[in-house]
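Please go over the structures that come below.
Two complexes are shown next, each including chain A; its partner changes from chain B in the first to chain C in the second.
After this line comes the complex of A and B, so read on.
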């Protein structure tokens, strides 16, 4: 009897242990820029990412069974340091790697995780060629440049604009290619390009450039640029100062309080964003929850897009049933219609840059109003 | 013709900002032989002070004055904490110290304030246009020209008419002799830093008025421009810094205005070629410093 009792308690203990062992510990590595020139995007993305991981762990982990610990390394916005961090994280056996909000360090880090068969996601890198430059383990998460451009071109055509002037900077893929994608999509819809201007990142003095725009005859119907702070405000001030009144289209880089702080001259600007936090929407609720938790509302939508990534991973892990590299890669690549804060995310049928909702907002009197939320029609999205 | 006149005004306005920036570097270099690469972070300090001023609805003139004072104060503080202990070190050590100060300040801004830009909304009048006959001039470029003029006049008066100003000019020529005359070195150096900080503050106001926001890395590009301008002008020479600033600003705007579109991405290469040409022609700069110290 005594022996039976011992046996019973033994098997009870094993059952308990077995139950606990079902929840496996995994590590996600983050080689992201917490200082330096990319920190403006990577810091808020990380804040959102951490909050989502805490929530997922409280519910039993990714796919209900993988408890996540984060290994966070600061890359100082340096591509070499990003590679080193990625090497260390891969050597430490992380199951997923997260890379910065920029194409160059993401591609460099991706080369290492690709060889090690570790699914890798960039925080908010928007260049649609990131994924193909690395390989089948590299995934984007944020609305891609060509998708944003397609939606802007659609808007321009629906407004009846016939001619557009584009301002681009060869200093980054974002500021160069997004306006070029726009030009491609806009001319495909029957528009013409009235002229192109070039600037240097951080150049800040746009007097010479806007003097040339002001001298155009006839004036373009619309001016499109992917310039962001500090260039965009400086450009806009100079443009309006030179007496040019054509409406301005911008990209998600100007989704910041600085743009609305420009006052009257910002009226009529239409730009893309990953999402607009209206009351009662999932994104609006998230902004409230984040404010309650941290004491301050998110300064940017990057917090929300960072928060969405663990939930995208959760959907993939649930589908794969494991965090094994190849299985997780396949599950991610086949995700379809995953509901996140800003809409739905689909990888199936894409080059691993997600097809997802993008919002257009218009600025009037220091406030933004959403005018359209849509997933760009794949047929009208320029090839990367 | 109008477009040429317009571009000339644009060039003068940008040149004025560069002149102020280069002067700030030159004032300190002329006395302690330090190229202060933390000069840009002094601009950032002024930018954040202006941000706070606007946030708490301080009357604008007071907010502007506070911003300039904050930059001057920060300059004196960095001198006291970082550069004075290094006074006897050689030029390279001083240069590295200034890089360290710059890096530390940037990380403090990033992690202590925010990695995101902070908006500095200024009154709409500052985005307006002033029509001068056939040409338009934005309020900010016009203000740049006026502020540069006023700052240069005030600085000249200070250097020529006050005892401290004379002492600073003497220090630039021969610091050791000045000390033998019984002038206190620490005070001259501190005033030089304060002056340099105030110049950084004034140029920061013009810079921020143009960009509408302040961010932790804001000072990087201006300090590079200032350095180039100061080198063209002749390191350590105050009139040289002004001349260098204008030459750089005018060259940049003219290339931006008149280069063909296909060559525009290489604008900076053209500008720097002009810089090299100037330095081949005059290796010590346009208006070399009297003591002709080369870093």
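After this line comes the complex of A and C, so read on.
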């Protein structure tokens, strides 16, 4: 019926426009967490995504001919509800599925869309195993954990650090695997791991971990962790309180005002981020446009990474010339050097977690300065 | 009441009705909404399975378990490891121990193994849990939630730790979920009305009284826990095969809170409540999900707002607690009569038992009992006998030590020295729940009934402890209710009875144990003269009919003088007189104790 309807509307369009560009209506389904524990990332991602779709529709649609309607379902940050939403969207015949910023719901939903041959992209899931766990229709968009770790390791090596201490938490894949990827990449570059400590998410007291680090002789050249709020500030305060002066490397989890608000002890922290909105850069311009449109500048970079996804899709649809599942999948997988707000995105030669630019920023006196924007060398990125 | 396999037939028909209703709902959803309806129905059925597994323990024991979601996780991982395709397993779990790898079983085989795992973890966790008091047990289950979560995260080679466990085949179809839900409905309803379920519900209503009729509360909780955990691991296995990918956090606080909310909204104390709660909340959530996509009401268009389902869930919970503390369904179970409005059930036929031949000379003997609380001597070398076939009255002013003595006799208080014996058993060394089986039944000064159980269930719970099967137990229970004049109200909740009726129901329950000795702790307290008169008549009739030794503790002098064959008088922890009512009445020590009590009332300690 649907196909028939589309056929009819197509022929109607042909009859009406008589040879003008043929616009076809397609639906993109979003099963993302607009409430609950993942909303902090999925909400801004959606805001950016919607803005980009509006722009693209105004220019004639994806690939210049597919007018996009969004079917947005809230998953309440619950994997069961994500499965339900994904099944509904697949049944409704969406052409592309967007999943939350987390591996569990993304993989669970991806297994459904994979079977239906619907290309699926996760908003900002960073776990590099997401894509291989699902199959050839699943794509990441955000800098993966192992890519971030590789860039941090490159930075550490270029700074001449010889030994590193890593602090990880087994409570989440991000806080556990990212430091482990770092250790792998760092040792591959000739560094040594001076020791490693573990903590629990939400742990208030880091005295034991910090005492262990302070007792190391010799002291490590650098300390690396993927801890974020509220653990990271607590850890940093304890660390500097114990007199440890080694520089600290962090990941994109601390890309928030809280970190710069830590004052003097935050000086010298280097961490990864998906992008830094400096004036005159595409990202900086986007922040201005977004502020003009909504009245407030984006609070996180997730708005930008969400905004980039429709443009990545646009590039793929243009290349494929269609939105059929297999064709779109192949086009996505072969994208190379697509320019987006935060740099360039490449899928060709990857396991569908993109090889893309990541920015390193350094904190000094309550402000961030970008020190490097680069795509980590694929050879140095640890296997997921 | 007709029985089938010792369970009321109405329980079977009720479960069948409920299953039919759930099946109609599920199939209706599929027919009406197609694939979406099928998915929704599958999810709701899985929730029914999970919530019922929780209800088997929490509903019957009254102890809310926060741990069930974690046990579901164990089931999901165990079954997922078995059904996973070998190729997927190699890439997802490269370090998996060999004996766990490459089984590729079907769902049924995986469920069978999961059930065994469930029994094992149920036994391991149940052993410490059953030893905890009611309040601490709930906290204990919270500890299980956290411990299991940490273990699942820690066992990286087997579970991928906090990373997503993927590659589980999505084998839980609508039909699998429906079959599981129907089986679980039957399991939960039959368990609730079984001997063990009734004992557990009795302990939920009043733990002390349950022990006094011989229910081993620890044992009952342990067995129910193992059954409930086994069901929870199976529920988890099915949920895991619905999700296809999950990690330990999917089986943590959020999941159990949703289930507990469903249970409370529907009604914690009945299986029907659990099912109704799931269906109602699923309905509310689904409706609000549709609404949050934006509503066009014709005259006004509402924008897309997210978060409505959670708002609805919270509101439903709040409204339930405020308006219907027992949940939507309350205590009633779905049964055929729910629709006909006629009371379909005839009361069971009373069974009159042949009076048990007592061994001549059997005696309840208090020997040299002393109890000291720190420096205070509550009882000082008290000795007396309670013979069969007689009523022994125990009196004494406030603070004389009567309650302490009763607690010693019933095994609730260990004496500092001395013993209480009955037919060769030392009562004072037995746990409270063993006292009844030796032949001593009791009532309580502050009535302890199983309020949310029917009068019949109150008495049947006791009769079953005397070793009777359900059918006989019901007959005995009816006979005892009849004796106390309560037979017409057999099917009413005990909590609805008036004060005097409650006293008599308690006595009926004690008598259903067929005890050799009966201890009545202030049976007339708080009764008006008419009620007291009816009680005395009932007791006198009992004395004439049954070869029973009765120990009555009472303040009402007129009553005790009239009932007693012999009397024992305590004062300030010492026995000051013993003899016939006439001898005691004229004993100078007794007169002084009582008059002295009035004069020095303020010096007395509470008993």
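Operating definition for what follows: the second predicted complex is superposed on the first by the 364 of 384 C-alpha atoms of A that agree within 3 Å, B and C clash if a C-alpha of one lies under 4 Å from a C-alpha of the other, contacts with A are read in each partner's own complex, and residues count from 1 in each chain.
In this text, a residue touches a chain if its C-beta (ideal position, glycine included) is under 8 Å from a C-beta of that chain, and two chains touch if they have at least 3 such contacts.
If you're wondering where the values come from, they're calculated on a predicted model, not measured in any experiment.
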{"item": "Which superposed partner A:127 touches (first chain B, second chain C, both, neither)", "value": "second"}
{"item": "Which of chain B and chain C A:264 touches, first, second, both or neither", "value": "first"}
{"item": "Contacts of A:212 with chain B and chain C, given as first, second, both or neither", "value": "first"}
{"item": "Touching partner for A:50 - first (chain B), second (chain C), both, neither", "value": "neither"}
{"item": "First, second, both or neither for A:103, with chain B first and chain C second", "value": "second"}
{"item": "Touching partner for A:243 - first (chain B), second (chain C), both, neither", "value": "first"}
{"item": "Larger contact residue set on chain A - chain B or chain C", "value": "B"}
{"item": "Chain B versus chain C as contact partner of A:172, first or second or both or neither", "value": "second"}
{"item": "Chain B versus chain C as contact partner of A:78, first or second or both or neither", "value": "second"}
{"item": "Which of chain B and chain C A:87 touches, first, second, both or neither", "value": "second"}
{"item": "Overlapping contact positions on chain A, where the chain C interface meets the chain B interface", "value": "35-36, 170"}
{"item": "Chain A to chain B touching residues, read off their complex", "value": "35-37, 39-40, 42-44, 170, 196-198, 200, 202, 204-205, 207-209, 211-212, 214-215, 229-231, 233-234, 237-238, 240-243, 256-258, 260-265, 299-300"}
{"item": "Complex contacts: residues of chain C adjacent to chain A", "value": "34-36, 39-40, 43, 91-92, 153-154, 156, 161-164, 166-167, 170, 239, 242-247, 249-250, 254, 289, 292-293, 304, 306-307, 309-310"}
{"item": "Complex contact set, residues of chain B against chain A", "value": "3, 6-7, 10-11, 13-14, 106-107, 110-111, 114-121, 124, 127-129, 136-141, 207, 210-213, 215-218, 220-221, 252-254, 256-257, 261, 264-265, 267-268"}
{"item": "Chain A residues touching chain C - in the complex, by the definition given at the top", "value": "34-36, 72-74, 76-80, 83-84, 87-88, 91, 103-104, 107-108, 110-112, 127, 129-130, 132-134, 170-173, 176-177"}
